[in-house]
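One structure is given below, encoded as structure tokens.
Note that the chains take the letters A, B, C and D in the order they are written out, and that residue 1 is the start of every chain.
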Amino acid sequence: MPDLTALIHSAVLYSTPLILAAIGGLYSERSGVVNIALEGLMIIGAFTAAVITILTGNPWIGLAAAMIAGVLMAIPHAVASITFKADQVVSGVAINFLALGLSVYLVKYMYEGAGKTPTVPELFHQVPVPLLSEIPVIGPSLFNQFPTTYLAYLVVIVTYIVLYYTPFGMRLRSVGEHPSAAETAGINVIQMRYIAVMISGALAAAGGAGLSIAIGSEFGQTTVSGQGFISLAALIFGKWHPLGVLGAALFFGFSVSLALIGQIYGWTQVVPSEVLSMLPYVLTLLALAGFVGRSEAPAAVGKPYEKGGR
Amino acid sequence: AGCGSGQQGDQQGADQEAFSAGMVTDTGGINDESFNQTAWEGMKRLKEELGVDVKYLESKRDADYVPNLSRFAREGRDIIWGIGFKFENVIPQVAKQFGDAKFGIVDSNLGGNIPPNVVAVTFKEHEGSFLMGVIAGSMTKTDKVGFIGGISSPLIKKFEVGFRAGVKAANPDAEVKVAYAESFDDVAKGRSLAQNMYNNGVDVIYHAAGGVGKGLFNEVKTREKGKYWAIGVDMDQSSLAPDHTLSSMIKRVDVAVFEVTKQVKENKFQGGKEVELGLKDDGVGIAETTSKHVPEDVLKKVEEFKQKIIKGEIKVPSTEEEFKSFQ
Amino acid sequence: MFVVEMEGITKRFGSFVANDGIDLRVKGGEIHALLGENGAGKSTLMNILFGLYEPDEGNIKINGKSVTISDPNEAVRLGIGMVHQHFMLVEPFTVTENIILGKEPRRMGFLDLKRAEEEVRRLSEQYGLQVDPRAKIRDISVGMQQRVEILKTLYRGADILILDEPTAVLTPQEIDELIEIMKRLVREGKTIIFITHKLKEIMRACDTVTVIRRGKMIDSLPVSETDENRLAALMVGRDVSFTVEKAPSQADEPVLEVEGLVAKDNRGLEAVRGLDLTVRAGEIVGIAGVDGNGQSELLEAITGLRRVDAGVVRLSGKDVTNRKTREILRAGVGHIPEDRQKRGLVLDFSIGENLALITYYQSPFARGIRLCYPEIFAHAKRLIEQFDVRTPDERTAARALSGGNQQKAIIAREVERDPDLLIAAQPTRGLDVGAIEFIHRRLIEQRDKGKAVLLFSLDLDEILKLSDRIAIICEGKIVGWVDPETVTEEELGLMMAGGKEEGAKP
Amino acid sequence: MNLFVRANRQSPLVLAIVSVLLGMLVGAILMVLAGYDPVRAYSALFRTPFTQSFDIGETIRTISPLIMTGLAVAIAFRTGLFNIGAEGQYIIGQLVAVIVALKLSLPPVLHALVAMILGGLAGALWALLPGILKATRGVHEVISTIMMNFLAFYLSNFLVRSWLSSGADSTPMIPESASIRWNVLTDVFANSRIHLGIIIALLLALFMHWLLWRTTVGFEFRAVGLNPHASEYAGMSVRRSIILSMMISGSFAGLAGATEMLGTDEYLTILTFFNGLGFDGIAVALLGGNTPLGVILAAVLFGILTYGGGTMQFEANVPFEVIRVVFAAIILFVAANVTGWIVERFRRERRVKEDA
């Protein structure tokens, strides 16, 4: 039998980037802006984190730079979909193209034609949280992690509080549900949406950074490889609620690590590894079809806001 | 502007006089810290030592192999390399189309049907891996060692089987945990696998997984020195974790590319044949840095096995079948 | 003393002039009616006053001072509050949350919901509004929602309240209550601008009335100096008759029979609970009831849009329970849905396509699966002519038509199919007298042709005027039948409320 | 300027062209910033796809799957569905095509035909599940198709390894009888890998036009896409439309995979990642305004940029990825109607001047 600590540990490891990106997506979509650009925002985060960490030798600076880059990359999405009222899905798809193209282009430019960065010399390390990490089983698995994971925990908690216990959160939700109502209540819908999309850029990029300077150690074309889309799935699966999103992301992380680690315990003798690899996706489909059913998106998500519109 | 240093000098294109060689990477790209990169080292040496006009093309998708090879062929390059077993299916196709051009492929023997204008270079990775197995088997304190593979294929299987045979030969009690990442570039997976293996009592891990292997080194670096070890592949990877790397299995793709191209230049092209390079030919071998952490007696044992293999006294298995009959 | 003076206000949308040099003067402490047909420009004018639109020309004075109102915040600062025609409430939020949105009481940066709830409760008591601060908007009645809207303005300290068509969705009792509330507000020193089409309400509640027609101000006069006929003429620009000519019904065989019908709403709660209903050929049956008592679910169950959990639906004797919508429509049902833009039309389709939305697959519009567009457009041309749908042509998108003309198109489509049973839900909601007249005539025409008509409406006038029999629906059951000739609005209202004190909770 | 402004107000084509030019300007700026020569790069990019018949052939080959995945995305869009799963349907199409090619022995022509049709059907089936989930359980098609993409990916790898080859990482070449390359084309285009896929792609575009605007089924698709409630009230079966539309969409993507397999690759390898044709299809559909003709034009543009981008890298040393940035910029400009906005600005300024 696999030991539970290891399994949970690796599940959390895998879900960290998903949690960050999906919570990022939550801000954006709660404000009414679809964010299919999570993939691109993660890419730009992973890229910036790797490059800046290589340059400065300090992963914290890398992480901060990634979050700034994420905000910058989110701005075109905001401008196109909020100010210019472009189709938000379309604009998101464009951002995905843009992020991948730009980052690989820059990598090639900076590293003499190479398709990926050199290995990042100074990575984040796993640090045990005093006391908490000594709790049996879950201690070492939840609290002996990368700083990005702790950031993810923090982000979930803060988001939950912000969303439901602060004026800002209430306004954010109102903007995503009924922007005209918010506008007549004196809330600047456009501004709220810009802020939300920018937050989503910063968080998704932080998730991406985790891939290149915490669990991974380089940036290349395939560093993010679809995790942004999985985050989006986690967001929908988690019903746009911070705790739901956390659960969904952990679920994905858990099934990915199950498939991977299963090999070490000889499961692949019985089940081919590809079949194990399919597990998370099959489980998700079953879950969606079976118990989760419809998830209600914020009412105004995907609709450009027209001032005075009906 | 900074672009591939090898490309700078030859922007004029291939003029008719100079001897020219082209190399097409697989989707791993030129700086894969693996065989594409090593092959390019060989090409650069050709340029420096023999003044060969060299150039590479990266492939974005598998569908790019044919146009990339054709492009070099139409340029009239004297030899065109397809680096990696992914070229297995396309090389014969293009070779047929451009009957006058010469091609080389690394890591595949094209199933034995090698066209007359193609040379196929393969390596006896299982022999080198056997020695890694000997080192791992001798160094383990827990009698548990690990192997991390990239995408499972007959090629990577050669590494695995050779390694297991080596472990068995050196330490029959040791158990080998095997896992495949099913990827050559997902560093995170490599790290997860390594972490779990180490947590399960494995203390030496060998990988044949390209970029995935970096995850192994990232993980081992964070662990207690002198207790947890990693073994690298393709080139000397000890720089990735100097205090934790026992050894690396070297695969001299650069030498192969260099030598074969040189032969073509000297009009000694041996088309239609497979060139298989093993321990005997120095096509595979042990990293020099091995002596840093591996004690004298183990090195001696390794050397003994190496000689036996070279002499043919030991036939290292390269498939599961052969492994079963390996004593 | 005027608290609001709007002078020469002009507002264009593209080349369309919605407000054309309008003057409006409102005295402090009065209820000032703003009257006009649909699309006359009333909402536009008020949106300008509330800072949602900027006027192209004209100026505004509040309490005698010239102001520019560039956004709603500015309006609120000037003491202006607005209750919009389309409610501006966030459905999943509570009453309190909706009220405080944008001006939240805080404690250390966090929401102070406790204080907010107390404040809401206090205001609600002060003006006799009786709302539950903790209820979710989606769980309360429309009338309650409206009070929440009023509370929102009061919470922000509004002295000038704009109520844009507040009565369109209310029961008679609720309207009475609203008028009471308005009067109370005025007593407390507020000023109210009240937009409506309903002349009766103006006569009952207002002090002054300003009439707008096609973007221009026509007249402004004290209510005491006018009457309903005069106002109607001012509004439409011609004389209108208020009564519908209607011969006694010649009711015949039952067309629709519903027995013991049970159906659930979207949340899985039983909304129709063992309902019986019969509609005969040649009669109009009106269903009266407070919004949310199972009307929508009933008509969806009849038309196959919602699962019937128990009971039977028969059409001309044939069992159609749980049949597909298409089958039921083909069996002779016409359906004018309650929300024309959401359910009645595909707004981005041409008017021609919309007129064939139900029959496109039948000859002559289709041969096999091949569509025949020339036939579709020819058919549309005929109907546009026949039903006087005002549209540039049959290829124009339905979106570009006015609300009334959109409704006419739907009616054309349904009536033209010559159904045995015509179901009409809120057929005239939000329309002006001209359009209403037209639609009413069509419904009676159907009846006189021997068709069965089932009318759902929240507008009791309409029910009383059109129906041959009235069924009162309450909590998913028909709780009684009345004769429109003898019943009074008050009796009807009481029955609709089902004996409850307030018809608020569903 | 006058002409430009006037033309612009009318034609979406002009809008698209201006957006394309603006997108390329962004690319040029990026090149200049990195010290590359944009003139040389673009001239390489646009010259090569046209000058040699080999390159023309390869360009057409690049274009044909883009048309198909573009149409796949577009037809789903028309029904209000976002088929982000073209990627997976493509994989399944190529998988089934290669299975038929390798495991059945049939006479020429017929073999290819069966392989292609079954590939298309497989794509349809792969889209069926998300369709059913959406129609019956309300599961958002974006998540379910993303999941299906990953499933297709692993399934393909599993079968290639365990059944279609003996543990190797690619299948053998398909037999001649299943190939859809056509000697005439191959000869005309100097041995390039152009194949009959382009004909299929164009036929699919015609089919889509016919289906959407000439049939009752298409009428339903469009109605459901624009207003599912009204469609349901009008007696249409929204579920049927969703499922059918997803299947047709999936079959287009599946055919893209099948034709690429039978014409371009002729063998299937272990996939290391998605090849992105499904995502490119999204971009193509958007740029093409979800109309068949628009999709063709957009695919031609993307195809030229993609294939020419390879040459550009070769001749001017500019990394290929700059082309992705150009794509992105074009999509953004089209979606945000930046051109229209600029034109509006011009007109307003002029009006102000004229007024003054």
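Going forward, contacts are C-beta pairs under 8 Å (C-beta built on N, C-alpha and C of every residue); 3 or more make two chains touch, one makes a residue touch a chain.
Here is each chain with its UniProt name: A, D = Simple sugar transport system permease protein; C = Nucleoside ABC transporter ATP-binding protein.
The structure displayed is predicted, hence computed values, not measured ones.
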Touching both chain B and chain D (chains): A
By count of C-beta pairs in contact, the leading pair of chains: A-D
Farthest chain relative to chain B (centres taken as mean CA coordinates): C
Separation of chain B from chain C, taking each centre as the mean of its C-alpha atoms, in whole Å: 76
Whole-Å separation of chain centres (CA-atom averages), chain A against chain D: 27
Approximate Å spacing (C-alpha centroids) for the pair chain C, chain D: 46
Multi-chain contact sites of chain A, meaning residues that touch two or more partners: 108-109, 113, 222, 225, 274, 277
Junction residues of chain B - those touching two or more other chains: 1, 3-4, 7, 58, 152, 182, 185
Shared-contact residues (touching 2 or more other chains) in chain C: none
All pairs of touching chains, each written as two labels joined by a dash: A-B, A-C, A-D, B-D, C-D
Touch list for chain D against partner chain C, complex: 213-219, 222-223, 226-227, 229-237
Chain C - residues contacting chain D, complex: 303, 305, 324-326, 328-330, 335, 337, 342-349, 353, 357-358, 360-361, 366, 369-371
Chain B residues within the chain D interface of the complex: 1, 3-4, 7, 11, 27, 57-58, 60-64, 66-68, 70-71, 74, 85-86, 88-89, 93, 97, 151-155, 157, 182-185
Touch list for chain B against partner chain A, complex: 1-5, 7, 28-33, 58, 152, 177-182, 185-189, 191-193, 195-197, 199-200, 211, 214-215, 218, 222, 240
Touching residues (chain side chain C, partner chain A) in the complex: 47, 50, 52-53, 71-73, 76, 82, 84, 86-93, 97-98, 101-104, 106, 109-111, 152
